[in-house]
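Two complexes, one shared chain (chain A), two partners (chain B, chain C).
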Partner chain A sequence: MNNDKIFITGVGIISALGNSFAETYKSLLTNQINPDKINFFDCNINKPFFKTNLTDTQSSSQMRTKELADIAFFQAIDQAKISTYSKPDTIHRKLKIGICCGTTVASQLNNIEFYKQFREGAIKSYDPVKQYLAGNISESLVHEHNFSGPGLNVVNACSSGSDAIGIGMSWIKKGICDVVIAGGADELNIVPIAGFNSLGILSDSLCKPFDKDRDGLNLGEGAAFLVLEKKSTAKIRKAEILAECCSYSTAADAYHLTTPRPDGLGLSTAIEKALLNANLKKEDIDFINAHGTATKNNDAVEGQLFKKMFKSNTKIFSTKGYTGHTLGAAGAIDAVLTVLSLRKQWIPKNAGFTNEDPDIGFRPVSQPTNYNAKYALSTSLAFGGQNSAIIFRRV
Partner chain B sequence: MQLLGKGFANKNEKVKNIRRADNFAKMAVSASTKACADFEFSNNKNSVSIILATQFGPHVTTFKFLDNLLDYSEIGVSPTIFSHSVHNAAASYIASTLGIIGQTLTITSFIDPLKQGLILAEAWLETDQAKKIILCYVEEESGPFTQAHKHCTFPSYSYDKFRTGAAAILLEKGNNIEIPAKILNPFTYVEEI
Partner chain C sequence: MPEKQTLEEIRERLKEELIENLSLEDIEPKDITNDEIIFDENGLGLDSLDAVEIVVFLQRIWGIEIKDMEQSREILVSIDTMANYILENA
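Then we have the complex of A and B:
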């Protein structure tokens, strides 16, 4: 078993902030907040959504989620200098490369028209089923690029993207893979939109993470991938080290299907284990990119725990005010944005925040800030009481 | 890895205290509870992990949600059905029923998901991310997939037919389980180990 450090050598991202790392940074710098209406399927739920600029015509032959995943995937492997078209006998073609992707929508056959035809006993085409069977993102990426490692989808609801990164780290530590391309992808889709609306947690206005008057989340779509590997394999390709992925941990609430445990025990367990695995103290964490969805419950649990657990000058922010909540992609998008902040030594403001919540007792980052940070924590909470934590280090 | 216990569940399991859960989750909880019947997790419940592996997840509930959408529009759907259609609901029920607060993960793979779960379980045990792991495989037949099976090529375990049921194993570090090159039938595999 090899416990060498794991580094990030490539990142890819698409969200409402833009189609690349550079566009994302530019949008954050200029505080771009671009909510929109759904125009690529019928939707009578009139709330703000955070769309990518992927047009519907691009996604006719495969699932929109896979289209989003492809965009982020190619950015990440290009940056990491992984050529998927090189000859089999070249050095990096011999690397065992695996894919681990978090998603929610791509795991379901939720084609309404197909299901309507099934109910009426008049199925006209099985193409939606074939599309679904071809649409397991990780398996299809492994197959399309002829990688020799595993392909696995994580369906842990809103922490899936973080958990995919954690699994990727396990694969490398255990020697299952030399390189793992890990992340998450999810599209805006009527099923989660209607479902979240039925739970009463979609805001009518722009979301306000950690604000006293927060009243729910905005859904978004996007994808992000990170290339994980040890320094030894990165060196073969002369790939630049972007950051270290120090540790990951996750813990269950064992409490409720849709409500986080009020005392935050699952989240604190995940954070403490992540700190322990990285051989760090909580005082070492310079900033936290929080899950911060702007629901009453999520932000109360996260906020109260952060206030209790971390030093008072720890910078805390959520980026959901820019991207919306991208479900299975959220943890991966947050991971890329955390790497961005460490690389640029700059943290964005917590969009949407105005008034401090006395029940939480802190103010998140209120202005974009140049900040000399070494260690950062990214947290994800999910349906079913999942809590995940990843620690990154600037290199 | 070492096998400590195993359990199975079929359709229409009656499981105490999770009346609202769908059949997929009930099968998962029942099989996992049986696999852990000889073990008491009162100490260090955060060192016990859950991996739930499936090809298709709770699609019966997903299709119920689509029924809701068609019958009542997106404004009138049931939040309970929606929350159970989320793939990790079953793993969450296992965690809350057994009081387990370790790593809880749901994975989907069309190709050999139980083997993928075994590989991950071994990695977690060997890197000390967990002391014990409940690995549960669950599948549930649904009308649309059964009909589509006659017209499409389904992968791996469901290539010849769909199977409904759950099989769970409790694992710890050790040597009495070798990960096979390929699993053709997850239920037969668990019966035979």
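Then we have the complex of A and C:
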């Protein structure tokens, strides 16, 4: 059985918390919360956003999402000691390496300029087409690094990052890949900003996950990747094992386009299947890195389910008060922060939380907390009623 | 910020802070030598996340700001390299 286990040997992250794993940890230790305004395109929606410090290159063929993905991707492969294209004789040539990336903006929304030109009756240049091709992040990364495995983008709204990790795990289990670099990336883009604004769920202030007075989410941007593999391949490269990626599961509510099913049946099904796949009981979960977007509906459904399902001393936390909701990157960013939490046996405070919601009935981690945890759960809920759960183990 | 400390006082405080902040078990200040490479497997065996915690407590206690990882690689080598940097810059 031990041979089937999948481990994490590299992580990379960029978000409003910083441009690396270490910077992210430093920002969390010093409680840095840095909302900002959008300055890289015209945006008259004056809400707080969580953007990275990536400057706008205004590149016509390179998407901002791909630039974010590149930063996190390089960190992850560097930590996992996977060579890049410039060293063709190295060990990774012999490994089948696949890439699976969750996103929302890169694949479906990257051709705004093309649509604009099309509606105006003339395609003025091939730049939008080039951008469309570059918008396939995984395919681009596979080619750029000359990897031999598959490249797949997962566009499954806000659970995309978690689902990409789950699909990556399945590739290893089925023998399709030796190593999978899985994660997610999304930029702050006018289309989701306008969409979320129209839905009336963007908060005017900093978001307050699980708080009684929460009034909506803040959007953010970022990217994160995890290198997944079995111990046998990690050993060849002398890559350090950071954590075990125990199991993944997903289940759909089939309830509403944007609202999660109130009784949380889809989410509980995903969690129970993930526990079953990992041969664990719900009492084994010490820490939950919740989706926790700070919308009324999301936090009520998640919170009430966690209260009902898990032991009372389970630590619950949402990253969104630090990173905003990074959509297709969120599940991957949460995964990297869960690995960080397990490694340091430490949880930052749930930024934005002040008052307990009686309809939820628990307090998330309200102060930085040292703890003793073996297993952690990360949940992602998406429009369309998708619910995904990943379980991690400290090593 | 504490009053101007001697090199020896800074070394001792550094060792105490390392043990406390990084939860180093079964290690006492006297077990850490001044020139020991702290990130060496044969030394304290610290990792990059521990380095972040050191950067944070150097700033909290001595007001030392280390801006990037490149700079931290030169300073966070041993008790002596850190203590000398603090002595000169705090």
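Note that the second predicted complex is superposed on the first by the 376 of 395 C-alpha atoms of A that agree within 3 Å, B and C clash if a C-alpha of one lies under 4 Å from a C-alpha of the other, contacts with A are read in each partner's own complex, and residues count from 1 in each chain.
We adopt the following convention: a contact is a pair of C-beta atoms (placed from the backbone, for glycine too) under 8 Å apart; a residue touches a chain by one contact, two chains touch by 3 or more.
In this text, all values refer to a predicted model and were calculated from it rather than measured experimentally.
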item: Most chain A residues touched (candidates chain B, chain C); value: B
item: Partner chain(s) touched by A:I176 [first = chain B, second = chain C, both, neither]; value: first
item: Which of chain B and chain C A:L29 touches, first, second, both or neither; value: second
item: First (chain B), second (chain C), both or neither touched by A:A157; value: first
item: Partner chain(s) touched by A:S20 [first = chain B, second = chain C, both, neither]; value: second
item: Partner chain(s) touched by A:S378 [first = chain B, second = chain C, both, neither]; value: neither
item: First (chain B), second (chain C), both or neither touched by A:L340; value: second
item: Touched partner set for A:F114, first chain B, second chain C, both or neither; value: first
item: Chain A contact footprint on chain B (complex, rising order); value: 45-46, 50, 57, 59, 62-63, 65-67, 69-70, 73-75, 77-79, 82-89, 91-93, 95-96, 98-111, 116, 119-120, 122-124, 126-127, 129, 143-145, 147-148, 151-155
item: Partner chain C, residues of chain A touching it in the complex; value: 20-22, 25-26, 29-30, 340, 343-344, 370
item: Touching residues on chain C, where the partner in the complex is chain A; value: 23, 48-49, 51-53, 55-56, 69
item: Footprint of chain B on chain A - complex, ascending; value: 1, 3, 43-45, 104, 107-110, 112, 114-116, 118-119, 123, 126, 129-130, 133, 136, 138-139, 150-157, 163, 167, 170-171, 173-174, 176, 190-191, 193-200, 249-258, 265-266, 269, 273, 382-386
